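Just below sit the structures, each encoded as structure tokens.
Shared between the two complexes below is chain A, which pairs with chain B and chain C, respectively.
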Partner chain A sequence: MTDKLIDEIRDKMAKNEVTSDMLFDEAVSLGNKYQSDYNSFVTILEKKEEEEGNSKLSGIPYVLKDNISTKGILTTASSNILKDYIPLYDATVYEKLKKAGAVLVGKTVLDELAMGGTGTTGHTGIVRNPWDKNRMAGGSSSGSVSSVALGIVPFAIGSDTGDSIRKPASYCGVVGYKPTYGRVSRYGLFAFTSSLDHVGVIARSVRDVSYVMDVIKGHDEKDMTSLPDEDIKYEDYLENSVKGKKLFYINEALNIKTDNDNLKEIIKNFENTIDKCRELGMEVEKVDFGMDLLEAIYPVYNVISCAEATSNNSNLTGIPFGSRVEGKNVNDIMMKTRTEGFSELIKRRFVIGSYVLQKENQEKLFLNASRARRLIVDRMNELFKKYDGLIMPATEDIAPLFDKASDKLSDEYLILGNHLVLANFGGFPSITIPSGFVKDMPVGVNITGRAKEDYLVLNIANKLEGTLGYKGQVKNNE
Partner chain B sequence: MVNDMTKEELKMLANKLMFEMDDKEYETLLSEFDITLKQMELIGKIKDIDKVSPMTYPFDLELSDSCLREDISNNEISFDDMKINVKDYEDNKVKLPKVVE
Partner chain C sequence: MSKYIPVIGLEVHCELKSNSKNFSSASNGEGEVNTNLSVVDIGYPGILPVVNKEAVRKSLMVALALNCEIPEKLSFDRKNYYYPDLPKGYQITQFGNPIGINGYVMIDVDGVEKKISIHDTHLEEDTANMEHLSNYSLIDYNRAGRPLLETVTEPCINSSKEAILYLEALRNIFLYLDVSDARADMGQIRVDVNVSLKRPEDKELGTRVEMKNINSFTTVKEAIEAEIKRQTEILESDGVIEQETRRYDEVNKCTKFLRGKVDAIDYKYYREPNLPEIKLTDNFVDSIKKNMPILEYERKKRYINEYGISNIDAGTLTKDKKLSDYFEDIIINDVNPKETANVIVGFLLGYLNKNNMHIENVEILPKDFGEIIKMMTDGKISNKQVKDIFTKSLNEKKNPLVIAKEMGSQISDKEEIRKIVIEVFKDNPKVVEDYKNGKNVTGFIMGLLMKKTSGKINPGVTNMVLREELEKL
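Moving on, here comes the complex of A and B:
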């Protein structure tokens, strides 16, 4: 039953054919069953928490990414340095879900400290793709995405700083949503890049994402970047007509010569998706974005995210936070704790971050990256004056094989592999929905809209989902 | 900015950040710096980059003084809660390594 959509589960609950205890037991049992093959979880709860509240999510099981604070429940950020950390307080998103009656099943594996996109760098091992165990689930919300794709839970909470919800969602054939910046409180989310971090939702339909968003969104005085409340429910907008809505796609990203057959198929799939948009009465046009700005996307992300991450994680020293490694004095303790606690990838990112923040480099590196970010966001906002949304293939390839992808920086640059971070730069709401298959692996389409217009992005995605035919998709490996 | 970075410089940065890396890790890092600095060189040449101010948040968050709450204590942690994460304690005091030499 946990592999069904929320309305189907609620229907069964209303008929007393299933109870929340049964759902929790089923989710725990599936979680344990798939754990050795897919490794979605850091922690699977043994006991159901006391149920509170009454909402559409009452009794519905879900999982949280393990960088979200849960009082009394181990929260590791999938890093050795936090392998024993038990938070003293609840994140707002967890508190809201608890108050809505949703039932936490477990905490999911991520790329260490949410810095990575492969699902291979967590301290408890790699996460495998539900559709092919030899392929990555993607990251960093790896376990949250895989547990939804495997049918363990109907929805999950993740975080998204560059594409960490939306890219793995595409690789695993589920819906991944990153709302407008500030729409969901980040109180209790372990900070990675504060100017780009978002809390978001993974589910098997746009409607289910909307149900969860209607519960978790809202102003929070504990998060200074939190937006004021809006007096609407996204659910109410899902079925609005999208006739006359205008979308654009980035010409330079798609008008490319490639030998990659998968990419060719993905572009074909995208063309088919655009046809469906037109059938719904939407207008879709190609736009020249500007190659200099497009080529700046990844380096800008790299510089800003490394710089903020270095600073945000400086408290992990073994003294106030972090699993302490004993040493002969305070410097020795910090040195040993951080050397043993962080993996190589994290250290490399911190060094880059520290370098770009050094006084003598700041102007040319960190500040120039922040200026380029503004130019990119200005360009997006200029296009959003004419268009209601950006539509693009979510990824440039299907989920990579484990021996094919790397977290090392590469000279190779594909706009289609990096464009999702546009939505983080500008805080734009952005959703990935499944749009078909290439070589038996799921692929997705991404829609990004104007900041603070989450309802419209969900509306367009819901209508498109209705014509694509992958709503409720799950990889049932029974 | 040409990449004339040396392993020694990187070592210094890593040590400032309070961790050590091995030789192979420094090699990877050197090549990553090579790419990053080349890419940033191009970014410095983007038209009008000198005409805009750096962006620190996705949009204007309209932060004002009213965002500051009154300076009243509102979040107390009980010792029983806190000791979950504490390696060593006595009565209601946490034992820490000596941090002042």
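Moving on, here comes the complex of A and C:
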């Protein structure tokens, strides 16, 4: 039952054919069953929490990424430095879901501290793609995405700083949504890059995403960057006509010379998706975005994210909390705790982050990156004056094999592999939905809209989902 | 010494009073070790700061009192460094856009006004308290996250005396605005001092040496003097002053090397991304301006100009805000300000001084204090009686009005005295007889009158009335 859509589950519950206890037990047993093969979880709960509220999500099981604070429940951020950390407080998103009656099943594996896009760097091992165990699930919301794709739970909460929900969602054939910055409170989300971090939703339909969004969105007095409340429900907008809506795609990104057959197939799939958009009455145009701006995305992201990450993770010293390594004095304790607690990849980011923030480099690197970010966002906003959304293939390739070394300086990676970050730079709402298969692996399409117009992005995605035919898709590995 | 001019700059950290901490809802108060703290203060993963509006309001009051320019928008920055007293690994402060810049304070140096320029005043969060013991350290996070206002002068102070006068003036601003209890002994005021020397003909400032975290004004004075002495000796022997941080050794009365310039920390300041810019609306700033309490300088002026109190007495009254408040609470009930000032400065302060007391220890209600002064101005009691009443009241912690009643008041009403005189005549027919027989009985009758009224009768008036009544006989 947990592999069904929320409306179907609710229907069965209404008929008393299934109870929330049964759903919880089913999710737990599926979680345990798939754990050794796919490694979605850091923690699978043994006991169902007390049920609270009454909403569309009442009794519905779900999972949280393990960088979201849950009082009394181990929360590791998939890092050794927090391997025994049990928080003293609840994240706002968790609190809201609890109040709505949703049932937490477990905490999912991520790339260490949400830094990474492979699902291979968590302290409890690699996460495998439900469609092919030899391939990555992507990251960093790896376990959240894989547990939805495997049908363990109908929805999951993840976080998205560069593409950490939307890229793995594409690799695993599910819907991944990153709302407008500030739409969902970040209170309790372990900070990676505060100005780019978002809490978002993974599900198997746009409608299910909307149900979850309607519960978790809203102003939070604990998060000063959270937006004021809207007096609307996104589910009410899902079926609106999208006729006359205008979308654009980035010409340069699709005009790449490539030997990669997968990419050729992905572009073909994208063209097919555009046709579906037009069938729905939308206009789709190609736009020259500007190569200089596109090429800046990856380095700008690197500089800003590493800089903020260095500072945000400076609390992990083993002094007030966390796994402490003893030393000669307080400085020695902090030094040893951090040296042993972080993996090499994380330390590399911290070194870069420290470097770009140093007095003598800050102007040239960090502040220039911030300016470039502004220019890129300005360009997006300029295009959003004419267009309602950006539509792009979600990724430049299918989920990579574990042994494949990616060429991070190739054109296809630099441009088509990084455009999802545009939505983080500007805080734009952005969604990936499944759009087909290449080599038996799922691929997705991404739609990004104007800031604060979450309802419209969900509306367009829902209509498109209806014509693409992958709604409710599960990789059932029974 | 006179060959060099000391150039001193001060950074004063002041803990602001507020219900909660600067960026969390934990209580900003005294309490058992590690009880006033929230997950935000200890930097647990996922926490976010929320700006304390009260702390912003109080900081703006100080910025306005320091005649600072106020920015259009409020913003905060991160100061990054590792130390266990800083749980997040960064301190939220204001680096690029302080809440007040380019201000000044006037101080009175031996009767000459001097302007002390304020570089800026900025709002930040305090760190935790650490105690280092032989082989372990203790941390109290109660202080972590408390609102802290740091006020930085330009290097424009030229002596330890000026430094202390400035510190006193600044502390009084905090006290008059009621934004802090400003007690250095409680760590509510902590001072960083930097000192350099230059020759009168030098255009550039000398190399500065910093001394951090001094928590008494006396120590500030000593540290400045010790550092001036040390630097002078180096320069006199053709040495070079190194840019460094030193600490003042109170026992040996000298400064000691702490760290040099090469060890200076790069704090990697950058804008705090979790706190969006907040517009400081004209409405908000105006409402603060409108409700600004009157400051020391203005009060002193009013005492002189409106009440006719002497410059010295007005200065004495306003230098201590609590004393000045007490004075104002007395005169609010229509009590003569000048007479009140005379009693406070001429008597009360002497009493307090002698008995090692402070105005806070005085239990006489201002209303009662005023009643006694009124009795004096109405001629009901003498100046000496006022002092007697207050002395007894303070000594015995007794209400002065009760004491006044017990002691009774002087009887100086003519008709009342006449009644008593007639009564005494009636009670002593023999004396009247003696008078009629030509005997001088004035002195004897005066004695009888004094005895009957326990000496409260006004001798001058009585003498007059007695003569009148005797003539009538």
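In the analysis below, the second predicted complex is superposed on the first by the 468 of 478 C-alpha atoms of A that agree within 3 Å, B and C clash if a C-alpha of one lies under 4 Å from a C-alpha of the other, contacts with A are read in each partner's own complex, and residues count from 1 in each chain.
As a working rule, a residue touches a chain if its C-beta (ideal position, glycine included) is under 8 Å from a C-beta of that chain, and two chains touch if they have at least 3 such contacts.
What you see is a predicted model, and the numbers here were worked out from it, not measured in a lab.
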First, second, both or neither for A:G101, with chain B first and chain C second: neither
Partner chain in contact with A:V330 - chain B first, chain C second, else both or neither: both
Partner chain(s) touched by A:S195 [first = chain B, second = chain C, both, neither]: both
Chain touching more of chain A, residue-wise (chain B, chain C): B
Partner chain in contact with A:S354 - chain B first, chain C second, else both or neither: both
Which of chain B and chain C A:G417 touches, first, second, both or neither: neither
Which superposed partner A:T225 touches (first chain B, second chain C, both, neither): both
Partner chain in contact with A:P400 - chain B first, chain C second, else both or neither: neither
Which superposed partner A:A91 touches (first chain B, second chain C, both, neither): second
Touching partner for A:G143 - first (chain B), second (chain C), both, neither: neither
Intersection of chain A interface sets (partners chain B, chain C): 85, 88-89, 195, 221, 224-225, 310, 317, 319, 329-331, 334, 354, 366
Residue ranges of chain A touching chain C (in the complex, touch as defined): 67-69, 75, 77, 82, 85, 87-89, 91, 186-191, 194-195, 221-225, 307-308, 310-311, 313-317, 319-321, 329-331, 334, 354, 357-359, 362, 366
Chain A-touching residues of chain B, taken from the complex the two chains share: 1, 10, 13-21, 25, 28-29, 31-33, 35-36, 39-40, 42-50, 52-59, 61, 63, 67, 69, 77, 81-82, 84-85, 87, 96-99, 101
Touch list for chain A against partner chain B, complex: 71-72, 84-86, 88-89, 181-182, 195-196, 221, 224-225, 292-293, 295-296, 298-300, 302-303, 310, 317, 319, 324, 326-327, 329-331, 333-335, 338-339, 342, 344, 347-348, 350-352, 354-355, 364-375, 377-378, 408-411, 424-428, 451
Of chain C, residues touching chain A in the complex: 39, 42-51, 78, 80, 82-84, 87-90, 137, 139, 141, 266, 268, 270, 273-276
